[in-house]
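Across the two complexes that follow, subunit A remains constant while its partner is subunit B and subsequently subunit C.
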Partner chain A sequence: MIESAAHRRVILGGLALYGLLVLVTVEIDPARIAEGLSRTGAFFVGWLRPDFVTRWTDIRAGLLESLAMTAVATAAALLLSVPLGLGAARNLVPGPVYTTARGVLAVARAFHEILVAILFVAMFGFGPFAGVVTLVVGSVGFLGKLLAEAVEEVDPAPLEALTAAGASWGSRVVFGVLPQVMPRVMGLVLYRLDINFRESAVIGLVGAGGIGATLTTAFSRYEFESVSAILTLIIGMVFGAEVIAGRLRQRLL
Partner chain B sequence: MSEERPALRIQDLVVRYGRAAPVISGVSVELDPKEIVGLIGASAAGKSTLLRAIQRLVEPESGRIFLHGLELTRLPRAELRGARRRLGMIFQEHALIERLTVMENVLAGTLGRTGFWRSVRRRFEPEDVEEAFDLLKRVGLTGLEDSRCDELSGGQKQRVGIARALIQHPDVLLVDEPTASLDPATSVRIMDLITEICSERGLAAIINLHDVPLARRFCPRIIGLQDGEVVFDGPPSALDDAVLQRVYGDEAMSAQADATADGEIVGH
Partner chain C sequence: MPILERGGRQEWRRRTSAEQWLRFLGALGLTAALVAAASTISAQTTWHFVLDAGVQLRDLGMRMFPPDGSYAVAVVRPLLDTLHIATLGTALGVVIALPLAFAAATSTTPSRLYVRPIAILLLVTSRSVNSIIWALMLVVLLGPGILAGVLAIAFRSVGFVGKLVYEAIEEAPELPVTAMETTGAGRAQALAFGLVPQILPTMAGVSIYRWEINIREATILGLVGAGGIGMALQASIDALRWSRVSVILFAILGTVVFAELVSARIRRELG
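What follows is the complex of A and B.
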């Protein structure tokens, strides 16, 4: 392909030199690889032998903190997202209100929870408060947007009937809109509780409290048995939440 | 309550959606107290729009509407709510809140006079609750007060809609295709109920109907609307083939067929 033999030699030589330099700069250390492999082994062995006992006090405190964060954040987010969700429904409010509410919801959803958590940890310091605020922001964006969409899909006929009866805006929302979106809101809140619990494990990694903080500590101490215990408990609780949510949904709808 | 005549006066009403051709172009109608008018016309003739414009659910472009001498078309928003209470509306497909109970749906008709917080806590005035029971008895739904509306049949739903309109204490009923989703026998029973109640309570009514035989049977006065204009206004006896042709245009044949099937008009 390359006509000149001299050119070929220069290019091949260059590639060889480049490969050599890469190898030297990356510093592949056989000793470290071996060590890492043995740690991977330790991790898997630890995973098979979860240890709930040694760090139980820390694990329990972390789990309770996560549950508290989840409950508080979801409740606060529901309170905030109802007015925002109604305000972001095109069929209920005039243009400027709609645009403002949609804007607020868009900002709330703009960044991943991890980034928001880092920001709030920097603002409020380490601990569950930063975590709760993070979860509230994320949940408001989620619940508000989906509530607004549910409201925009309601059957308009009963609303028109209430207007014709001389009902005020507030009464129209209470009688015409809320009964229609209630099942959806219930479903969304239960789902968000579930998400918030899992998120609380993740944002703990950046210092926002909860079971995630316990998890990072266990990791940095190479206590894989405890790590395994924590992960098992998270799976168990998410699964339990699913069962409870299913029952609640059947009862409420 | 003023008994000034006429109960409802519509003057040169024009309604238009956006820049399209007007849906109602220059309709003038007067309605005496206690008068029941059947409004007939093809599906796009503007029947529903006319009722919605009277309620100002659709804002008219021009023209004036008076309810017992009160000009609805001039009312500011705040006073409009009060005036809307005096116009009871019954809807095609009933327009109930399906997930609420029969009782809650009837009481929704009192929202024009019930405060917001009372409505949130479902604390309705005792006399309103009592009246709701009476009205449900009148429309034949005693015992179903606590049923959810999505459990009712089409005819029962329409009866709830009638009770909801009546609890407003209206002067005029605006009824939009009350029988659209009902079988023929139920349609007749619902029309019976509406016209009986109108005469009991001395209400004037405009009833949109696409079913010509039903309009003939129940309405002493019939108005034919075609492309947003009144092309007929008279008693059922004056409603002959030529008039139907004018009102329905292309749809005339099918309207005729319905009528012939009912044995009330001899076909061509």
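What follows is the complex of A and C.
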């Protein structure tokens, strides 16, 4: 990987030096950790005894809201990302369109979901609507970019054949490009559904609805049994979704 | 392709009637589910607040601009903390992930029946819990600060790095390892010289890529008290100092772009 031994030594030495310097700046407060460790007991006991019952109404409502947010956001993102993804494919559109679409996609991915959620909660008020818009922005950036890459890699022969037969730009896209990229897009949409569900558990922290709101409430009330129940459900659902998505992908492709 | 008999003529169809109905019902069900989901959200939404979003946005913009330039100096320290959290967290995550990856790969695991499932479960758990939720838990345990952030990043990275590395181990040809063993090398020697050189590029590439993701994640860990620029952001938002918020957002944007460039450069070098 790195050919010269001297280079290797300099890089490794530099990294080690950096590590030492940084370790000094990390303030480790033993007294606070000891205090925290006494709480760790309560934490792990709570962890091992997930309580699904006490807050079940809230947990169920949160989960359903998260699922609804995931579904709506992924569908809306798919609709938006198809034109953007086609516009960001170098082999389909002229330069200015390409640059604009790529720019929009880059902006959509620049900030962490939480930061986007803060902005949208300020704009749209608390609740799942801000959450949906947040998930749409992130998903458009993700789906649009990967769709554009898939479109740029299509086999050009069908496109040339269509052009030679006098097909318009629209027919070239519908009959030459989409059939080639659709299986990949379906796979990406399934993957994004999974990501969006997990993200919906997080953006609730800043007021954007979903199971994250329930989770934050449980945390701030030190109800670790409920926290554990919620996290177990999330992990279980993500795991289940992965199995189902795997099956679906096998059947569709 | 099914052929229908209709009025003595043969007719070609792309799908059988059963398939067509199945597709139609599937599409109908999907649409119904989407409409139900959308109406759930609509019922939970205060549309009055949504409709005046334009006014809110203009208001927010006016409070964010011009950015408070004098605050830029105060941002440097938390920004460096953020870089440290991402870098140390990634390093620690890789260190934890490697033994787990070897335990999870079918070709190197000590026991397929006992060790492998445990290793895979640990990797899945690590990946299913978002780093900010790890941070939420660690702040309760360790108190607010950089340490909680570093560990949160590390715990989330373990699953990502571990999964990709163990897949690389499974895909690596076993021939070099067998060759080493036939010359009398021990198991550890055979793995160190027959397998590790094969997965080293993947390992380095995955670590750098995770570092890039971690920079982005580390910018928000401060929202729950786990150090870095997120703490400055939370403080500015709580104090409604939006002219400072814009400074922080620009700083984050710059850092993320910088990390992306560095990561792309290094990964290109690695090939």
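The rule is simple: the second predicted complex is superposed on the first by the 217 of 253 C-alpha atoms of A that agree within 3 Å, B and C clash if a C-alpha of one lies under 4 Å from a C-alpha of the other, contacts with A are read in each partner's own complex, and residues count from 1 in each chain.
Just so we're on the same page, a residue touches a chain if its C-beta (ideal position, glycine included) is under 8 Å from a C-beta of that chain, and two chains touch if they have at least 3 such contacts.
Remember, it's a predicted structure, so these values are computed and weren't measured experimentally.
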Touch test for A:L233: subunit B only (first), subunit C only (second), both, or neither?
neither
Taking the superposition on A as described, I'd like to know which of subunit B and subunit C A:A108 touches: first, second, both or neither.
neither
Contact-wise, after the overlay, does A:F175 reach subunit B, subunit C, both or neither (first, second, both, neither)?
first
Once the structures are superposed on A, label A:I59 by its partner contacts, choosing first (subunit B), second (subunit C), both or neither.
neither
Of the two partners subunit B and subunit C, indicate the one touching more residues belonging to subunit A.
C
Using the superposition on chain A described above, determine whether A:A167 touches subunit B (first), subunit C (second), both, or neither.
first
Just to be sure I read the superposition right, which of the two partners does A:A213 touch: subunit B = first, subunit C = second, or both, or neither?
neither
Per the contact definition in the header, classify A:R198: touching subunit B only (first), subunit C only (second), both, or neither.
second
Quick check for you: in the superposed arrangement, does A:A122 touch first (subunit B), second (subunit C), both or neither?
second
Between subunit B (first) and subunit C (second), which, if any, makes contact with A:A157: first, second, both or neither?
first
Which residues of subunit A are in contact with subunit B in one complex and with subunit C in the other?
none
Could you please specify the touching residues of subunit A with respect to subunit C in the complex?
1, 18-19, 22-23, 25-29, 32-33, 35-37, 39-40, 43, 64-65, 67-69, 71-72, 75, 110-112, 114-115, 118-119, 122-125, 127-129, 132, 198-199, 201-202, 205-206, 209, 215, 219, 231, 234-235, 238-239
In their shared complex, at which residues does subunit A touch subunit B?
155, 157-158, 160-168, 170-172, 174-176, 179-180, 182-183
In the complex, subunit C touches subunit A at residues 33-34, 36-38, 40-41, 44-46, 49-50, 53, 56-57, 60, 81, 84, 87-88, 91, 124-125, 128-130, 132-133, 136-137, 140-143, 145-147, 150, 200-201, 204, 216-217, 219-220, 223-224, 233, 237, 249, 252-253, 256-257, 270
Subunit A contact footprint on subunit B (complex, rising order):
55, 57, 81-85, 87, 89, 91, 93, 95-100, 104, 108-114, 116, 119-120, 161, 164-165, 168
